[in-house]
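Heads up, the next two complexes both have subunit A, just with different partners, subunit B and then subunit C.
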Partner chain A sequence: MKTVINKWKLPAVMLGPFLILIFLFFFVPVILTGILAFTNMDSAMNWEFNRLLNFEKLFSDPDISLILRNTLLYVLFTLCINVFFGLTLALLTTYFMKKEQFSLLFRTIWMLPRMTPPVIYALLWIWFFDPSEYGLLNGIRSLFGLPPVNIIGTEPMLIIILANGVIGASFGMIIFSSAIKSIPEDLFYAANIDGAPHWSIIKDIIMPAIRWPFMFVTLWQLLSLLTSYEYILLITNGGPLNESEVLALYSYHKAFQSFEFGYGAAISLVLVVIALVCTLILWKLFKVKDMIGPSRID
Partner chain B sequence: METAGKSVPTIPGNTFLYQLKRKLPYIISYGILAVTTLPVIFMYLWLIIQSFASNMKYGLIPEGFSLENWEFLWTNIVYKGAELPSIWTATWNSLFFAGMLTVLEVLIGVMAGYALSRLTFPGREQILKITMILHAFPSIALLIATFYILNFMSLYDSLFGVVLVKTALQIPMTTWIIKGFFDDVSWDLEWAGLIDGCSRIKVWFRIVLPQVKPGIASVSIFSFLSGWSEFLLLYTFIVSNENVTLASFLQRLTSDPNMVNYGVLSAISLFYLIPVLVFFIFTQKSLMKANVGGVKKV
Partner chain C sequence: MKVELQNITKSFDKKTNTIDNMNLTIEDGEFVALLGPSGCGKTTTMLMIAGIYKPNEGAIYFDGEKVNDLEPKDREIGMVFQSYALYPHMTVLNNIAFPLKQQKVPKKERLERAKEAAEMVQLGHLLNRKPSELSGGQQQRVALARAIVKRPKLLLLDEPMSNLDASLRIEMRAEISRLQKKLGITTILITHDQEEAMTLADRIALMKDGRIVQFDTPMNLYNEPDNVYVAKFIGTPPMNLVEGKIMYNKLQIDKQTYPMDKSRFHLEHGKEVILGMRPYDIQLGWTEEIRFLGKIELLESIGHSKIIHANVFGKRLQLFAKQDFQAEIGAEVRFSVQPAAIHLFDKKTGKSLRKAAPYGDEMFVKDAALQ
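Then we have the complex of A and B:
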């Protein structure tokens, strides 16, 4: 009995805090979200179950079609920018740029938005498109004698897609760059000697090598885009009049602005279920068995 | 490109057009990079220029140098008729939040990472699987339930409570990265220590831990920066003025469209950005590596 305790003591102590945190802030919240979704809890924090009422409300919500449309547009277009622009950046900085310092400089610049605190990053975009001529866009327009435009007001979706796209592009850029760099140099030499054009080098050497990273980035970004709303909250806060509201942000607004915790949780639950399916697909596709090798001391 | 001269054979490599054709892809790629990178550079350039300028023309051209934008460092800003807390309160809170997060995250991550990398115990594989799945799980969808839990533990509106939440959200990724560092340490080192009569804990502390110091350093920097930049959790779970952090401080000033004063905003942003820039310049390479391990931002 004593040896059993001794054998378990070390792992238990080492893993204890980790497991407690995960239990408290992952498992309990997942279950709690599942339960809260069937109550009409508000700021009074009373537990009152109302069966499927929240979901019925969700389907008959007058704003829901606009929000779903926004979510679809946001996820689809941002994903495209993330993946294709990220790929372009990676190709340009690793394949076309021969000078390592230059490509490092460009990659560093593109990493800046990712490292910048979200509040500052949002401010930069707000300034860029400021409706007065203090903003860069309207400043340049006034140089040519054009009247100022209020793009954040008229095309809020465009701004949030661009802002999120730039952040996500750097993620794709890093992963694709390291994938391209791991291709053996000999392949490029051989292709050059054979006089292969750039296009065919990209198509036949680079693309096959980054097939898996490509899929990984796509799925990963899909997952994060579905549930992320930090930059939208900061730049447009869903406005004007829900025009840039997405589902995840709607859930947040319902919970923390109108204090309908139950309804908010119901919307979250929908997202959590979608996210879980995505995670499982990710997990199935990118299962890395050998990372879980057994311990070799016993 | 046949010339009029009869006996001089033209080598294709020498003609201007051929050179141009060969260089064209490079010219185009540098062009694309320059054009797309320019707005990003402008944004950060503006931040610096605006904060020291008394007035701006065309968005980016300063008219006169002044330090009045930096007055927030010694006088409190009056906003909506009420005085905002001192910037130093916010700075200390941000430092406390980021520091506390780093300590907790590294401590728990190192312990759990070692256990998962080196110890044998039942349930190890399951925990590893869960860690990987949580790594991709969109925790942001669980904010409502997290709010309930914090409220229940009376940790709502407490910086420490938010530190716990943030630690929990990041710990799967951190542990995974640290586990990777431990995996690279040779088993012989550990065996040698055990044969010399050290206990398992002593071996861990004296022999294995020094081996992963660089890894721990980069994880620390990374978690400090993410704590320093955190916005959404603090914005949601902190209400009182004495617990305000730099992110919420700046957000409060940005969010009101009626009194946007870009001079002050850019000065505060620059002040808030200093640690990020310092870390970024000095640790750019190790950060890039840690990023490949996976970042959950979009």
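Then we have the complex of A and C:
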């Protein structure tokens, strides 16, 4: 008995505080969300279990089909911009631009939105597309004698996809750049000598080499897009009339504007299930099992 | 294909020349080794021939045609890299077929030719493996097959055997030699291993600091080194070098004098020189004309013979003795060498004092003296 205590004493002391923190801030919220989703908790903070009432309400919600459609469009298109635009930037700054000073400058510029506070970044978009004649776009249009337009009002999905796509691309860019840079230079030389054009080098050498980072970026961005709503909140706040409302934002609105905490938690729980399913699909799609399999050498 | 390099200069930092005014002519079908220590510019030279790097000055000719601005893919070359540079996600067959795919060879013919090339390097049974599933020697064969599959006119080998173990290296050496003779392809081999260069190449270009020090057949490099650097680099164990001074047609070392052959060497009274003797040329006992008395410091047995490390004039010289040679450490040993077997170099310039040597040719390094 004594030896068991001695063996675990130090690890317990070292790990204890962090285990408590992880438990408090990671585990408890998950469990709480799970529990709250089956209650009718509201701003009064008293709650009772109401079985599947929240979910019945969610699936009979008149806005739910619009919100799901918006979520799908938002995640799909923003993800495409994030990943493929990020890849394009990475290829530009590593494979095509050989001078490190230029590519570093270029990448830094693309990183700038990440360093600015989200409120400022959102404000820039709002200012750019402001429907009044003082908006930047309308100011430019007036120079050519064109009438002011309200793009945020008419095409809210387009704006939030663009705003999130542009800022998210820098993440993929950084990951892909470092992955491309780690490909041995000899492989490019060999491909050159073998007569491979740029397209073939990208397809046959770069893409297979960055398959793992590619999968990581796709999955990571997918998960963060499913649950992120801060730029939508700041730019359109889901409007006009729920036209740019996504599931994550809806959960926020229900929980913190209508103070239906139980309902909000139920929406979050649905989101978690969707995220899990997406992860599993991508896991199969990228054949992760093959990739982490052992190699044979004799 | 005949390859000519004319006054090639390459600099990466605009201050120092990695390759300094290099001239080199390789005849059609010849096997040439670029030999030198690491950092002497061998790989830079090869990458310029391949078209990956562009020379700052000078011209490269393939069969008399200037190719400075020709893309690597249009140069009809095959190359094996030190790292093999195999495409990691492709199977052996696809790796070998890759250059043909880029040439738009129809799929059936492409696979046939790739299989043929794989057979040539005895890889026929591994076609569906990935490079990560192959041993170093097998990877090297894949790289070789990929380099020859498009029937290039020039084969470039960049230290192809440096990552292999000793026995595999000897096997691959024979393989490369056989393949080169069979295909009759002009080949340039980069190596820092003089034995590899000696056994494989028709001619060796010995390089130092971005210049070619001597370009000649292996036997000429061994028998008639143009300077101390070549003498030291070629041959194992390396040539014994002893400093001395010319005194009226004789060589003085310490207080001993030795007769020198005036018809072989430029002998200038008072000149400081370096005497060179190959370990194999030194005989035990005072049977030859130039005689030394030394003290045994170390005896090494290498199987078929023994190497004696003897101290003479405070310098350690190496010579060979028979397998059954017995002696105490510290014992005196007499040995001698034929006047015809010695080498003499100018101590200041490092150049050979041999009369037939290309004295004063600017192609050879100025400061290759003992270092």
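Assume the second predicted complex is superposed on the first by the 264 of 298 C-alpha atoms of A that agree within 3 Å, B and C clash if a C-alpha of one lies under 4 Å from a C-alpha of the other, contacts with A are read in each partner's own complex, and residues count from 1 in each chain.
Going forward, a contact is a pair of C-beta atoms (placed from the backbone, for glycine too) under 8 Å apart; a residue touches a chain by one contact, two chains touch by 3 or more.
Because the structure is predicted, anything quoted here is derived from the model rather than measured.
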Which of subunit B and subunit C A:Pro208 touches, first, second, both or neither: second
Which superposed partner A:Ala248 touches (first subunit B, second subunit C, both, neither): first
Partner touching more residues of subunit A, whether subunit B or subunit C: B
Touching partner for A:Ala44 - first (subunit B), second (subunit C), both, neither: neither
Which of subunit B and subunit C A:Ser200 touches, first, second, both or neither: second
Partner chain(s) touched by A:Leu187 [first = subunit B, second = subunit C, both, neither]: second
Doubly contacted subunit A residues - partners subunit C and subunit B: 295-298
Parts of subunit B lying in touch with subunit A, wherever the complex brings them together: 25-26, 29-30, 32-33, 36-37, 39-44, 46-47, 56-60, 107-109, 111-112, 114-116, 118-121, 124-125, 127-130, 132-134, 136-149, 151, 164-165, 167-169, 171-172, 175, 187, 190-191, 194, 200-201, 225, 228-229, 231-232, 236, 246-247, 250-251, 254-255, 260, 262, 265-266, 269, 272-273, 276, 280, 284, 287-288, 291-292, 295-298
Residues on subunit C engaged by subunit A in the complex (per definition of touch): 47, 50-52, 71-75, 77-79, 81-83, 85, 87-90, 98-99, 102-103, 129-130, 132-135, 146, 150
Subunit A residues within the subunit C interface of the complex: 184, 186-187, 189-197, 200, 204-205, 208-209, 295-298
Parts of subunit A lying in touch with subunit B, wherever the complex brings them together: 7-8, 10-11, 13-15, 17-19, 21-22, 24-26, 28-30, 32-33, 36, 45, 78, 82, 85, 88-89, 91-93, 96-97, 106-120, 122-128, 130, 133-140, 142-143, 164, 166-168, 171, 174-175, 178, 198, 220-221, 223-231, 233-234, 237, 248, 251-252, 255-256, 261, 264-265, 268, 271-272, 275-276, 278-280, 282-283, 291-292, 294-298
